[in-house]
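There are two complexes below, and they share chain A, which is joined by chain B in the first and by chain C in the second.
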Partner chain A sequence: MVRREIGNNIRSIVIVAVIAGLLYPVISSIMPGWEVMLTYGIILAIAALGFNLLFNYTGLLSFGHAAFVGLGAYAVGLSVKYIGLRILEVQVLIGVLLSALLALIVGFIAVRYRGIFFAILMLVTAQILWGFYVKFYHITGGTDGIRIPRPTLFFIYDTTGLGYHAFNMVYHYYALLWFTVLAIIMWYIVNSPFGYTLRVIKDAETRAVALGVNVNRYRLLALVISAIYAGIAGALYAPINRLVTPDLAYWTLSGKIVFMSILGGTMYFLGPIIGALTYVYLETIAQRITIHWYLILGITIIAIMFFMPRGLLGLTELEGFKKMARLFSALRLQFKF
Partner chain B sequence: MSLDTLARYILDTFFFASLISLIVSGLNIIYGVMRIVNLAHASLFTLGAYTVAWITANYIVKIFGSNLILLLVLPLTIAVIVTVLVSLVMVTPLLRYSYGKGDAFQLIVTFALLIIFEELFQIVWGRMPLAANDAFFAMGTVNLFGSPYPLYKVFVIIVAFLIILALWLLTYRTYLGLLLRATSMDSEMVQALGANVIRLIVVAIITASLLAGLGGALYVPTASVALGLSLDVLIVAFVGLVIGGLGSFIGSLIGALIVSIFRTLSIYFFPELELVILFTVALIVLIFKPEGIGGGKGW
Partner chain C sequence: MNTETPLLEVSNLRKYFGGVRAVDGVSFRVYEGELIFLIGPNGAGKTTLVNLVSGYLKPDSGLIAFNGRDISRLDMASRVKLGIARSFQFVNVSWSISLLENIAIAIASRRGINLSMLRSLESHTDVIEEAIQLAKLVGLEKNLDKLPLEVSQGDRKILDVVMTLALKPKLLLLDEPTSGVSTRDKFDIIDRIVSAIKATGISSIIVEHDMDIVFSYANRIIAMHSGRILADGPPEDVRSREDVRAVLLGGLYA
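And then the complex of A and B:
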């Protein structure tokens, strides 16, 4: 039986995107400086969507998605540094190809295993890349990273002349466009026969095999798609962050991606998106209170796992929320809005 | 390769294998009883290492001077006690309540614990590496085919061997070990026969924590301890587990030895490629012998 879940439709994705678009000028006028986090949030949401395709729909937990995020970001950084490429779409494409290639190589063996084996194989992959970025500093700039100049968007729109705030604003809507398109594509993937096959593989692997499904091939494809999403997120992350550092491939970033998804609720399509948007603000607030942010992060993960396993969106299934929703729709009928 | 280099290489391999086998056998005990791979286990190793480094440098040397016996025994004992206490407060309850909640749940919870430990180490001991080589230098060297070799590493190999031997006796020659092995095969049946499985689980976690803390405590005089050590140790131990097979006592020891052979080789010749080499070894084993050397045979 397919459970009716909140927000599993294209309309909700568009609503979230519109809200994220409208909120930007509002936040930047009320609380200047806090609007950039919204951009980070929607970019990280792309990575979290990729993570969740693997986790919720395929049943594979990856502790190494930072590998793909880092690869996407370094595709931008290295292509600027060595061939002076600044057309962001082309750089994203390079990031996508590299991420997909890495996913194919590692996945070829990793997708045969679930649980701890898959999780740690991905973790080691990310650590190897991180070690590469740190140790080969004459190529990658080491821990100082690579500075990213302003990109050229849509092949022709050079953003070099824009001021700080103007660029952030332009880039926010640019990233939002990517996010909307990618989220809608992900929705079609998840609700396609392919997506349902993945669910069968997760819930009843033996049955899927008996039905003639090549389980490993499906898992590999899911991993590649997931890696592409994380790679795009990494590439989009670079220009707004203005700097690409090895931290983008470090295991704590993988932990953050896991955290975002479970914060929003991994069993919902919108979960990772809501989680990522909430996460960036939580992180900012927590970092103003304490420098030991990771302590709070870890404790919160454990608390969510034990006491709120469905995440924030799980709250919508509480009776009180349902009453409110019924009241809202009654009002809507009454006043026709 | 001359004779003394070869002997040095072999001893280094055994030294590293002793440390890894202490961790891997702990992981294996917990896995056997609970079917959980505790990612935070490596953090207990690091905790043992930090405790020894901190205590030796700040207290032991100042109070007792460089008395060899005290330098060896006192920090080790304190570190083991600290590790077990911390494990009782932080690790044991979490693992105990994650029991039976599924792979993903346990992995995420223990991963969060790994993050928490990493941050706690930074709060307590800061970002700079800590070192305490007093015991290492106090023990001096032994003549190995004409070149000196640190006696401390030989000491570690002997201690680890004795501990592993004690662990073997515990699991194969005592009633408690019988219960532990039975739980690893069929925990429901053990419960039905009247044994307290939850108590067994707690015993297993404490034993494993003790081994991990001891490993870290033995390790630190030969090197320094810094943030990120947990993850390095976790990865090496994991490769050892893959080679040896999850849930096999002897297999895990062989796995620890094989992973040490490759790691020491890579440290000697290509230090930058250490992780790549270990990763390749793990992948090759997963392709050709996915259940590991001792896998599927139980204890």
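And then the complex of A and C:
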């Protein structure tokens, strides 16, 4: 069951992950400050991985994943503000539980719908939560949000005393650990009988029913898993951003998650990951160059979608790239690495 | 007359779509091990009948009994568990996974393991092994690693049937397993399907338009027209009926 495309091949995934991990110190030494960008990238990649379980594997487009990101972030914010909780793993767990609960409640109705109706139901959910964070400012701090102090990691490691750069460094590897574990789990999920059943549901729903599959239950489960990923991303986002605001539940963030996944290539397991990293990079550059960065970004996005409908990873299917890949494997055989 | 309990007993089944009487008072019985061909012109109600028996549609009235038990209110998934499986008139498989994976998922579904999440499908070697064996039974073992769009229409139709066989049903409903295939390849395909059915001994109802095929393979034929059963019996009887010839055979088998 070897997948031909590079983005779906386990060996290529490991290679990319190792290269990305190695690159980090290099990037942060030659371009200080960019390591924070990379951290944002891998955190958003977690949310995008969740999004794509729903989109590419289950055939459901969620236009409201910010609902879960926001919930994860506010789990951190509110637990700091009201009970002084600083142990990030516990806060992540609260975010996970809340996201899963919301997914169950919304999903109970939403999975009965397909296509645009599902997308809109999710969008509405996120907007309701956004409204809540804005309006109930005496609880949530409104648009000013909630300041997030330095977290305690692994239950005992208090990061309060760390300098700015040291914290960013520590937190990057902390987030990278989460990302790696979650990416591996997702890899197992999409290749499991469950993952393949989702594909049958997506491509041939009536067939899935004819196989005796309770389609809505599978959709609900996929939504819950997807929401948990987005919730974890939201919780991890809070400490690096140092501030939790309603923006994290706003539709623009939902849109970003959709776009990142398409940018990288939703057909590929690696697509959302590459897409999230690239997106954060593009956004940062665009913001540095001009105040009209949204315009530049928008044009870039349209160009990419127009010329590369399969996303960046679609490029790996071009002949030139394949030749390089063949050369690479020939070298590998020759030099046994 | 047969005195045992029929596997399937359909009585006075009706399904209207607005003014269209798609199935209009249909009754018949199917016994263990029978191979029945269901024939009729376009719009006769064949697919609707398959949909009603498989649970894809609910009847307006009438009874469907399986092994003596009324199943007309059960949903499709419950009927699959009881042993009624159907294929589709138009190929209905996952386009993004290989033939082998499609079959394996059908098997996983029967075994109740498709909620398993943390082990790859590939590593369920017993499922994969069974899928390969099943594919061999119908001569589909060559292209198992290909995607459905990379194989011939004939292989896709066979895949559709294999996914149904993978459920190990007691009653198999095949809706035009040779549609969309060139006349030349039809016999080959129906031959592989019928021999697999005979090897497993499953009672089957096959919808088929090609009369050459029907009269070469059928032990029993049910002929439908305008939602009703025109004739039901051995091929020679059905063939000699004037009304059947008029609507179906166009004098071809006079």
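Methods note: the second predicted complex is superposed on the first by the 304 of 337 C-alpha atoms of A that agree within 3 Å, B and C clash if a C-alpha of one lies under 4 Å from a C-alpha of the other, contacts with A are read in each partner's own complex, and residues count from 1 in each chain.
Here is the rule we go by: a contact is a pair of C-beta atoms (placed from the backbone, for glycine too) under 8 Å apart; a residue touches a chain by one contact, two chains touch by 3 or more.
What you see is a predicted model, and the numbers here were worked out from it, not measured in a lab.
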| message | Contacts for A:81 in the overlay, against chain B (first) and chain C (second): which applies, first, second, both or neither? | response | neither
| Touching A:150 in the superposition: chain B (first), chain C (second), both, neither? | neither
| query | Is A:252 touching the first partner chain B, the second partner chain C, both, or neither of them? | reply | first
| task | Based on the superposed arrangement, let me know which partner A:302 touches: chain B (first), chain C (second), both, or neither? | result | first
| message | Quick check on the superposed pair: does A:115 touch chain B, chain C, both, or neither? Answer first, second, both or neither. | response | first
| query | Between chain B (first) and chain C (second), which does A:214 come into contact with in this model arrangement: first, second, both, or neither? | reply | second
| A:197 contacts which: chain B (first), chain C (second), both, neither? | second
| With the two structures laid over each other on chain A, which partner does A:206 touch: chain B (first), chain C (second), both, or neither? | second
| remark: Going through chain A, the residues touched by chain B and also by chain C turn out to be none
| remark: Seen from chain B, its contact residues with chain A in the complex are 37, 94, 97, 103-105, 107-109, 111-116, 118-120, 122-123, 231, 234-235, 238, 242, 272, 275-276, 278-279, 282-283, 286-287, 290
| task | Using the touch rule from the top, collect the residues of chain A that touch chain B in their complex. | result | 55, 59, 61, 63, 109, 112-117, 119-121, 123-125, 127-128, 131, 135, 251-252, 255, 258, 262, 292, 294-295, 297-299, 301-302, 305-306, 309
| remark: Interface with chain C, chain A side, in the complex: residues 1-2, 185, 188-189, 191-197, 199-200, 202-204, 206-207, 209-214, 221
| said: Touching residues of chain C toward chain A in the complex: what are they? | reply: 54, 56, 76-77, 80-81, 85-88, 92-98, 100-102, 104-106, 108-110, 113-122, 124, 127, 145, 163-164, 167
